[in-house]
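See structure below.
Think of it as A, B and C in the order they're written, each chain with its own count starting at 1.
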Amino acid sequence: MEEAILQAKNVSYAYEEGEGLAISDINLSFRRGEMTAILGHNGSGKSTLAKLLNGLYIPTAGTVTVCGMDTALDDNTWEIRKKAGMVFQNPDNQLVASIVRDDVAFGLENIGVPTEEMPARIEAALRAVGMLDFIDRAPHMLSGGQKQRIAIAGILAMQPQALILDEATAMLDPKGREEVFSIVEKLNREQGITVVWITHFMEEAARCGRVVVMDGGHIVMDGEPQEVFTRAEDMRRMRLDVPPMVALGDLLRSRGMKISRDAMDIDSMAREVLKWL
Amino acid sequence: MLKDITLGQYYPVKSFVHDLDPRVKIILTIAFIVAVFLGSSLWAMIPITAFILLSAKAANLPVKLLLKGIKPLRIILIFTFLLNLFFSAGETVLLQVWKIRVTQEGLMLAIRFSMRLVFLVTGASLLTLTTQPVVLTDGLERLMSPLARIGFPAHELAMMMSIALRFIPTLLEEADKIMKAQMARGADFESGNLLQRARAMVPLLVPLFVSAFRRAGDLAMAMEARCYHGGEGRTRLRVLKITHKDYVACAAVAALIVICVIIG
Amino acid sequence: MAITIEHLYHVYQQGSPFQSDALEDIDFTIENGDLLALIGHTGSGKSTLAQHLNGLLKPTSGRVLVDGQNINAKEADRKALRQRVGLLFQYAEYQLFEETVYKDIAFGPKNQGLTGKELDHRVRRAFARVHLPQEVLEKSPFELSGGQMRRVALAGVVAMEPEVLVLDEPIAGLDPKGRDELMEVISDLHRGGVTIVLISHNMDDVARIATRVAVLDKGRLAMLGTPREIFSRGDELEAMGLDVPQTVQLCRKLRAGGVDMPDCLTNEEVCAAILAARGRTAHA
C-alpha cells in the first residue's frame, strides 16, 4: 500500500503564459490500490489536475510522476498513458470506432499489441465491465452508462495501473451512474487498480476511501470521507454539498441525538438511529 | 431514411463473397467496372448479367436486395434511356411521330447506356452489401498504404472515414434536437423564399458547428489519452489474409473480362 | 392555464434514425399553477411526452388541449397556442447561437413578432428572472460557464412568456452550485405564476419542490399524485427502476427495523418522526 502510483510534487499549471494558475503548488500522491474522490466546483482545477496526471498536460512548474516516470519527458509519454488510463465526461465523445470490438482494440493497436493477443484482451476487458454481449454492437445504439463502460473497457484492455475518471458519471441517469460507479469500485477492489474519481456527486465521494477537495487551484481538504464531510460549513462555503445522510446526521445531532459521524449512507444511518432508539 | 450507417447496407450473412478479403473485393469491383465498359455490345450483357446473378448466389444475397440499389436511380435511368432513344443519330427508323423518331441505333444505345448504369450500381452494391464499412475502411487503408511512402496520408484518410462513420449518427441526432429546440423558440425552417430559408438555418448551423468542434476537441484528447500517435508502429485487430477463395474470385472476374473483350 | 392530455398515443416510427419512445393512452391534466414532476426510467417516454405538450411531436392518436383548444387542430391558431407552452431541452446550452446573450434571448420574442421597446422589455425581464449578473447580458454566450449558459438558454424560453414551462432535466451535468442556482430560478418562476412541468431523475428535488408527480413506465402513466402519495409506493417505484428520496429510503429501513415511521420527505420530518418514536418507546 506504500508505493505511490501517481505523484504530484509542487505542481503548478497555467493554460497560457502570464495567465493565472489553474493549479498552484499542489503536492499529492495516490498510493497503489487507493480509490480517491476529487471534489470541487467547476473551475476549481480538478479537471486540469486529471489531465496532468497522465501527461495530457505538462506542469508549468514542479513534476508529476506516474509509476516513477516523469511526465515531462517525451520518451515516457506512451508508457505513462498505458499505465494511467483516462475516462472523460461525455460518453459520446470518446469512442472512436463504430463497432464496440474495434473501439476496445483502438488503444491496443496504438501501443502495438500483436494481433494474436488482441481478441483475448478485448474479451477480458469487456467481460470485466459486463459488456461482452455487446461486442458487435454500434456505440451510438447504447445507453450512456453502457458507452462509459465501453470506454472503461478500452482502457482496461491496455492493462493500466491507474484509472482516472473525469466526471465520468455527470451525464448519466441514476441507473447508469450506479452501473459505472460499482464497476469501477469492483475493479479497484478485485484488481487493485488505483482509482482517481472526479465527481460532483457527494454520495459517490462518500463511498471512496479518500476524498480530496479542491478550490481555486489548491487542495483544501484531504482525508477520509468522514473527516471531510464533518466540515459541512466549509463544504457549503465552497458551494459544494454534503451527502444527504450527512446533512441529516448533522440535524439529528443538533437536536441532541447520539448519531455517529460515520453514518454517511442510508444503511449505516438506519443502524445508528435504531441504536439510539 | 438513413437507418443505421455503421452497418450501411451491410447484409449480415455468411457466404463465399462475404469471406473475401476487402482489398480483393475493392480491386475486383474496379475490374468488374472495366469489364462492363469493355463489353460494349448488347451480347456482352448476357455474360455480365450472368456474372451478377452468380455473384449474388455466391454472396447469399436475394436478387431483390441488389435491385433495391437501383431504385433511387430510376429517374436518372429513365432520363438516360429517353435521351439516348430520341436524340441519337441513326439510319434505321423504327418509329416516327411528328418530328420525333426512334432509330434502331438509338434504341441499342439507350439499352446499352442504361444497362451499363444498372451494372455499375449493382456491382458497387455487391461490394457494400457484403462488406462492413469498418472492414471496407481497413481494406482501403491497406490498398493505399504503398502510397504513404510518397507522402499520401493513407492512414489519416482511413481514420477520418472511420471517425465519420462513428459520428454521423450522433451529429444527425444532435441536428434534429437543435432544430426542435429552435422551433420551440418559434423558429421557422419551412416557409419563406430561398434567402429567408438560408438565413433561418443560422440558428441550427451555428450550434451544430460549435458542438462538432467541441466533440472534435474532446475526441482528440481522448484519442491521445489512449496512446494514439498516428499510423506509425500501429498493429491491427483485423488481419487481412488472401485465401484460395480470393484466387477463385479473381479467376472469375478475369474470365469475365476476357469474355467481354472477345465479344467486344 | 391547464393542459389536458386525452388518450394520447405515440407510435414509434419504424426506420427513423431518431428513436423516440412510444406513448400509450396517456390521459391526465396539468392544472394551472402545478409544479408537476414527470419521472420515469430512461426510455419511459418522458421526453416524447414533453415534446407533445407544445406540438413539436404530433400524437398518433388522442389530443393535447391547451385551455380546451386542440393544439394540433387545423383551424386553431396553432403557433400562438404552442407559444403558450415553453420547452427547455436537455443540455439546452447547446442551442445558443447568437453573438451576445441579449441577442440570443431576443430570438424567441422576435419570432413572435416583437420589436423595439417591447422586445427590449421582454429580454430584460426574462434575463432578470434567471439571476445572472448584469454584465453577462452583453457577453458572448460562449464565454460563460456551463451553468450560466444553461440559464441563458432558459431565459431564451422564458422571454416568450409562456404560461407553462416544460423543463427536460434542467440540472443534468451541472455542478452542485449550478444545480442549486437553477433550482432556485425554477422555484422563483413557479412562485411568479408559471405552471411548470419538470422532468427529473433527482427524487430529492422532486420531493422538495413538486406539487404533483406523474410517473411514466414503458410509455404508460403508471401513477399520478402528490409527492407524498407517490413516494409512499416505494416498492412499485423500485420495480420500475426508480429511486425514492433518500429520506423515504431511510424511513423504510427504520420501519423494517420495527420502528413505526411515516414516509418523510424532508430532514425535518425525519427528525420529528424519530423524536416521536423515541417518545413512544420512553412512555411504553
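Throughout what follows, a residue touches a chain if its C-beta (ideal position, glycine included) is under 8 Å from a C-beta of that chain, and two chains touch if they have at least 3 such contacts.
Owing to the predicted nature of the structure, the values given are computational and were not obtained by experimental measurement.
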Sort the other chains by how far their Cα centres are from that of chain C and give me the top one. B
The pair out of A-C and B-C sharing more C-beta contacts is A-C
In whole angstrom, what separates the CA-based centres of chain B and chain C? 45
Taking each chain's centre as the mean of its CA atoms, chain A sits from chain C at a distance in Å of 30
By the touch definition above, chain B meets two or more other chains at residues 4, 169, 173
Give every residue of chain A touching chain B within the complex, in rising order. 51, 54, 56, 78, 81-82, 85-86, 88, 90, 92-99, 101-102, 105-115, 118, 122, 138-141, 151, 154-155, 158
The answer for chain C against chain B in the complex is residues 15-18, 51, 54, 56, 79, 83, 86-87, 89, 92, 94-97, 107-108, 111-112, 142, 156-157, 160
Touching residues of chain B toward chain A in the complex: what are they? 4-7, 132-134, 162-163, 165-166, 169-170, 173, 214-215, 218-219, 221-229, 233-237, 239
Complex contacts: residues of chain C adjacent to chain A: 41-42, 145-147, 172-178, 180, 201, 204, 241, 243, 246-247, 249-250, 253-254, 257-259, 267-268, 270-271, 274-275, 277-278, 281
Of all residues in chain B, those that touch chain C in their complex: 1-4, 169, 172-174, 176-178, 180-188, 202-203, 206-207, 210-211
